Amino acid sequence: MTSPLTIDKNWGIETIVSELRVLRDQALANRHRQDRPPKMPSRKALQSIMEGLSAVLFPNRLGSGELSDDGVDYFVGHSLDVALRALYEQLRRECRFHAEQQALFDIDCGHQAAAITRQFAAQLPAIRALLDSDLVAAYEGDPAATGLDEVLVCYPGLTAIIYHRIAHALHRLGASLVARMIAQIAHSLTGIDIHPGAVIGARFFIDHGTGVVIGETAVIGEHVRLYQAVTLGAKRFPKVADGSLLKGNARHPIVEDDVVIYAGATLLGRITIGKGSSIGGNVWLTHSVAPGSTVTQSQVNNEPPTYKPPLNGLSAQLQ
Amino acid sequence: MTSPLTIDKNWGIETIVSELRVLRDQALANRHRQDRPPKMPSRKALQSIMEGLSAVLFPNRLGSGELSDDGVDYFVGHSLDVALRALYEQLRRECRFHAEQQALFDIDCGHQAAAITRQFAAQLPAIRALLDSDLVAAYEGDPAATGLDEVLVCYPGLTAIIYHRIAHALHRLGASLVARMIAQIAHSLTGIDIHPGAVIGARFFIDHGTGVVIGETAVIGEHVRLYQAVTLGAKRFPKVADGSLLKGNARHPIVEDDVVIYAGATLLGRITIGKGSSIGGNVWLTHSVAPGSTVTQSQVNNEPPTYKPPLNGLSAQLQ
Amino acid sequence: MTSPLTIDKNWGIETIVSELRVLRDQALANRHRQDRPPKMPSRKALQSIMEGLSAVLFPNRLGSGELSDDGVDYFVGHSLDVALRALYEQLRRECRFHAEQQALFDIDCGHQAAAITRQFAAQLPAIRALLDSDLVAAYEGDPAATGLDEVLVCYPGLTAIIYHRIAHALHRLGASLVARMIAQIAHSLTGIDIHPGAVIGARFFIDHGTGVVIGETAVIGEHVRLYQAVTLGAKRFPKVADGSLLKGNARHPIVEDDVVIYAGATLLGRITIGKGSSIGGNVWLTHSVAPGSTVTQSQVNNEPPTYKPPLNGLSAQLQ
Amino acid sequence: MTSPLTIDKNWGIETIVSELRVLRDQALANRHRQDRPPKMPSRKALQSIMEGLSAVLFPNRLGSGELSDDGVDYFVGHSLDVALRALYEQLRRECRFHAEQQALFDIDCGHQAAAITRQFAAQLPAIRALLDSDLVAAYEGDPAATGLDEVLVCYPGLTAIIYHRIAHALHRLGASLVARMIAQIAHSLTGIDIHPGAVIGARFFIDHGTGVVIGETAVIGEHVRLYQAVTLGAKRFPKVADGSLLKGNARHPIVEDDVVIYAGATLLGRITIGKGSSIGGNVWLTHSVAPGSTVTQSQVNNEPPTYKPPLNGLSAQLQ
Amino acid sequence: MTSPLTIDKNWGIETIVSELRVLRDQALANRHRQDRPPKMPSRKALQSIMEGLSAVLFPNRLGSGELSDDGVDYFVGHSLDVALRALYEQLRRECRFHAEQQALFDIDCGHQAAAITRQFAAQLPAIRALLDSDLVAAYEGDPAATGLDEVLVCYPGLTAIIYHRIAHALHRLGASLVARMIAQIAHSLTGIDIHPGAVIGARFFIDHGTGVVIGETAVIGEHVRLYQAVTLGAKRFPKVADGSLLKGNARHPIVEDDVVIYAGATLLGRITIGKGSSIGGNVWLTHSVAPGSTVTQSQVNNEPPTYKPPLNGLSAQLQ
Amino acid sequence: MTSPLTIDKNWGIETIVSELRVLRDQALANRHRQDRPPKMPSRKALQSIMEGLSAVLFPNRLGSGELSDDGVDYFVGHSLDVALRALYEQLRRECRFHAEQQALFDIDCGHQAAAITRQFAAQLPAIRALLDSDLVAAYEGDPAATGLDEVLVCYPGLTAIIYHRIAHALHRLGASLVARMIAQIAHSLTGIDIHPGAVIGARFFIDHGTGVVIGETAVIGEHVRLYQAVTLGAKRFPKVADGSLLKGNARHPIVEDDVVIYAGATLLGRITIGKGSSIGGNVWLTHSVAPGSTVTQSQVNNEPPTYKPPLNGLSAQLQ
């Protein structure tokens, strides 16, 4: 065995650092920027803001398990104060990021961020009320659920909708980047990817959830239920004159009230799923369906059951 | 640019705090509770308990990489002591949560939690033995696997089954809420969602795993292999007299020994997949199949290959 | 209520510890090892190495948001120094792990790890250049993307490709275990599971991404775009003489330049998708297709739209 | 160089562990205890309680520098809630510690700890008022002090008196062990060792402070000023019949109002320093002095100055 | 034992919070301030700045023990960048604190803090050179010291002089509050209390150090050595017309080159200790002494040794 | 107010970095070293080793407050394993530091560090036994002490002696640098500075302790009690031929059994304090005293008490 002292542990850092600097300068030049890129909102800061806002909305369940009766409001007030001050700073960063990108140097990002923070804060009680309706929907929609509290602390679908309702409020107030980053934090936690632009009504429930994708211009009514791997996506991406993608047009489904969409269904384009419809698992749908429709994958369901299993050892383990 | 000193950073906290209090009181009233909700188990505590138990089961791989020969048992014993004391506290919380919800004030949750902790602890060697069989199954089932150790530290399917076998043991002992929370921690880490009620035999392996859903009453035999996005779900949810969902009935598939289910297959309802069957990718199945069956998506596989590709530049990058 | 002092909190640790020791010894014996298993690379260390390398590659976006102009290179150089020294240690562990498993006691793992570290480090600028091309591809491929910076901080597909390009470079240099562990960290963060062996060309983009699986021997050309839940998998696993799986043979698809594969498509086996092809959502494909092909799920797309929805209240919420 | 693999890193842990267990059992037996020693308050918990209470008393200076106007009261209320709940737990531990030591098994430590917590909490405003008087005394007593805020954040004497006033309040309520532990935290931070039993009037100031010792039964009037290394100690320790020390008798000085005691002075025994006296540096004093006395070390002060220094280079550096 | 559920854990937070608010408002009113007090520099931030600057000055000893040859400068540069940006922020806070206190609203604290930061940074190499001379002095002055490295990592006197030289540089640049806070951090770590205003020449060494106090206007020449508990203090505090203390006048000793002052000596007032003098332990000195003087406590040294001890068992333990 | 954007925040890092590099190179050159200095033991690592060893010695009081009966030995064994492995690494560093300084390249530091670790570990039970005697001495020596447990968790003198007994054992085994660093950690925590070379017998107690200094060659018998600010120091430092200090000679006091030394006493030189002597506060002593001596500061004690204080208001606050 050779002595560790003779191992050359110089990795050529100086060369790599200067090569990377050249690449960074080129990347900036490609975007017609000479100076350093403006600061962006911080994902870490937003994670802790979202934990704070979740605690504000559900202090006993998502906040501290240790709250005394006369301490709850202080906890809520202080968590809110901390979260809003931190959110203000992230919103100010987003504002300056956009302003510098667009060379709009006279925008007063301090006042603008404060205004958004204030308007957002005022919506928190309404958001809590919506989330209470989602909680009930989850409990009523899943036979495995044993209570509202279990839903709140266990169901990734609940986490996803809490984050979405907050992200959507910020998106509406113009903070699209902060909203998007919040949505991606939820995506990483739950496997559920909801664009903050999506409009979602009360009593919404996603069960299991992994792989769900809901696009930017999707509109979902009240009392809608989705299962894992459902996609509400775009069918095609029209291009504008210069060959680049047309951005922002309505291109995702409208789902009316009381619709259920089962696992793996893919709904693409600006179609409308009529009120009360039921879309079967794995269905591929690119056209609208009338209210009350039931859409299923035809080729499998009409096959007769061909095997009646005996009661074997495995079943005996069930009680 | 305006001075930052003039920005009004009062967000109206007081109003929001009192509006949220009203909503919380309403939510409690809706559930016929006047007082503060009972404490629930803590997700953070359970995360660290699960890290501790994983280290107890596989000290050299999932514990500390630094163990000396005469230190291993002390590490295992101490990690176990810490984990079990913490688990005891969470089980006591679950007990009191149920007790207060049901107004059963004379339940001795201390003794009950201690009893569950002790019975659970005694099962840990058996759980380790099952996991050893799962490890071998994973290694034998994946041509990309180079050894058991790689499987243990790299495969999300292994993480999922470690968490499930622990959660299932707790579920059987009556700690359904703690078990459910453990299952959701695994879901967030791996994208694999196994209800702690599911009964799963030895030598079980899930490859890739993202999007797998296994329902509460599913029963899986020995030596079963699943791929990503497989669903073992319920077909329909019967309601009881008052219109609410019937809870707890057997509604998920029974999968017998030696079955393989490929990616994206959806199996719904209390059907039985006979021993040794193979269920193809993306198959949608709502009826039982006999032992030794092979089920595939018919419409694609019978198409002839139409294109014989030349050896192009990309292929050359492979060696 | 009974006094907590009377609760027996002895869990039988001693018995469990000795039973687990017996099981560990058996497991080692089964693998024909008498001594303690060699140390493996640490997942936690690799997580922090990956955060460091991400910061080195994109210091302003994935590093510190607080860098001053004359501080950037010091930040990059120092982060690189820390990350490479830590990586060296993990590579040395992998080397010794393999050496001890194969009883190759005269391998000089110090020098070998240093050599791999040095060669890997020298590739970082090339990796950054590839990632710059991926960034542009993502921006051009998603109508919801508002800028390169948003893509970099928000898109899980970007995280996945950053991790993959690093893991692939290490895989090529022989560090297959470290590479695999890095891939699984990315899998847990994004739901995207790319084997480090996969060869992926420039301008690669995965949108949404949850559930994507790309196998070990897959080859992907330039300017390819994938959506969520796409599988590039193996069709079957040939066995060798002793019944175990043949490992390492080319068994995953080749995807040529300019191909788009929509959500949920499953491509299995060593097939080739010709340049410029478009594979529709949920398609199941086990044969090669010629350049310029368009493959879709036939049974759904030819159905006429049957429902022209009125402009209802939900749509009005859109502006 | 020998291979590191051949180094024997077994330290004989098992032997040491069992030898230590024998010693622990002996130590318990010596104190006539058979079972495990009762739990004690935790120093770490008390440290964080003291940081919390300091923040409650001076939220803008010792709490968060980031408080907004409408957030201060929520911060104070929440910090108070957290600190008091944690203090309650430590007081409960002290109570049970005493109870088990004295085999008083019917003491209701929960209620007793809650009562002490409540009474202590009610004294916090009075403590703040006293501390305000101390702050002014420090500012007026030190020509180097530039403002009250500087005194609050810079002067170890202020830290010491904050901790003492809290510890003393708890000591009076019977929590002598918790009080003592708080005093020792202050001692470690500041080098100032005040027994929590000492009675100290308003407008108290210790400058520099390292080495100050104030004994258990010392009584200090209003507007007293001490410098570093002053001792208010006991002269001798009377013994009781069995030869052990008499505990708890009045054995430390009484210092009346408006006294100044300069650095290094040692005052021993139950003597009284009359109102308005001045005790010189390094003085050794074991008898009472009348009001208005000036006590100095005689042998030095009456020597004439013998050297009139020129203005040298060093002095020139002063402006 | 009573049920813990019946314990009243409401501490009356609301009352305490409002009483404390009244006291805070009164305290502000007493200082003729109506609004919230301006933010102050943060002790925690300064602690981490000082750790950073120590690492910058001695990267191999006080920075990271893991530096590679080609990584040192990147470490130094990055640590410097982080420390200076953080220092800038604290200096800006001090500037605004003073400005708001004095109602000087047109001070541009951003530019002022940047100017101080820049001037301070430029002095760091000179500070390192001074500290190198201190290191040598410590090694040469203590027979127990075995090398410069040991001095650097073990001697509290070195820590104290590192902190002082930095604090003094900031004090000279006008940042008296930040400087004072740094001095108090050192005081808490070492028991050595040096006012940042004190002027101290090269090759300075304090051995042991606990209890040393050096006042604001002290001037110390080159190659001076102090032992523990030495005071260089003020003799009396003259008052100005309104009865308050005169602040800032020269009131502490001047100690010329090559002086040694032994443990416990107290030197008070604007006296001068001539070059090369030696001041004995516990000496109390309030007048100047000529160069080359030796001052000792007379009453003890002239007593003859009265006891010649035999070589007993204790001495035998020494070899 | 000027825009913050115009503030120049470039501090000239590059210049400072290169100036500091020049100074580091000069410092190395002055010590006749061309290469980078060898690594030293880490203070942070030693802090956590000392916390671990304290927990091993007193698991219920200085370890975890949460130990169950059947968990204690696992806690002790695991803490010991972790601490000893970490200590081994620090001892290996010290060995290589000395070896590289003395160019002794063939020292096998791995084996040497392992040997020291093993011998040190074997002494831990004996150290615990000594500390048990110290605990009793503290309890018996302080009328304010209410029990052994209070002494253990509250008294800085106990912390100092725990650290010293460990440091002394390591010092005897040749690890003088690690020992010295441990002593300085204790000094910073307690204000008590004991050189690890000092030999201290059983039943040792230091009360209050701030400012105590005990030199390298001091020898202290059994049952000795010291108070704050006692110095056991060297009188003069003889020089060797080249003018440098003679290192390592016996130059500190020998204190025989049953001696008490009161606060502030200074004992200098290789004198012997005879068995059973009592040295008064602030005494300055440079000659030996016979067994049974009582030494006091004469000039104060023979003054008559001149003032008999009335019982004033302050005294009334005492009960």
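We just call them A, B, C, D, E and F in the order they show up, numbering each chain from 1.
In this text, contacts are C-beta pairs under 8 Å (C-beta built on N, C-alpha and C of every residue); 3 or more make two chains touch, one makes a residue touch a chain.
Predicted, not measured: the structure shown is a model, and the values here were computed from it.
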> Counting C-beta pairs in contact, which comes out ahead: C-F or E-F?
Replying inline: E-F
>> Using mean CA coordinates as chain centres, what's the gap between chain D and chain E in Å?
In response: 22
>> Based only on mean CA positions, could you tell me how far chain A sits from chain F in angstrom?
In response: 56
> Where the CA atoms of chain B average out and where those of chain D average out, how many Å apart are those spots?
Replying inline: 52
>> Two-or-more-chain contact residues of chain B, please, as numbers and ranges.
In response: 1, 9, 11-14, 17, 66-71, 73-74, 76-77, 80-81, 85, 191, 210-211, 229, 264, 282, 299
> Which chains touch, pair by pair?
Replying inline: A-B, A-C, A-D, A-E, B-C, B-D, B-F, C-E, C-F, D-E, D-F, E-F
> Can you name the residues of chain E that touch chain F in the complex?
Replying inline: 56-57, 59-61, 65-67, 69, 72-73, 76-77, 80-81, 84-85, 88, 106, 108, 110-111, 114, 117-118, 121-122, 124-125, 128-129, 132, 140-144, 146-150, 153-156, 189-191, 208, 210-211, 227-229, 263-264, 281-282, 297, 299-301, 303-309, 312, 314-315, 317-318
> In the complex formed with chain F, which residues of chain D make contact?
Replying inline: 1-2, 4, 7-9, 11-24, 27, 31, 36-37, 39-43, 93, 97, 101, 176-177, 180-181, 183-184, 187-188, 191, 193, 195, 197, 199, 201, 210-211, 213, 215-217, 219-221, 229, 231, 233-234, 237, 244-251, 254, 256, 264, 266, 268, 271-272, 274, 282-290, 293, 298-299
>> Under the definition above, what is the set of chain B residues touching chain D in their complex?
In response: 9-14, 17, 68-71, 74
> What does chain D use to touch chain A in their complex?
Replying inline: 1, 3, 66-68, 70-71, 73-82, 85
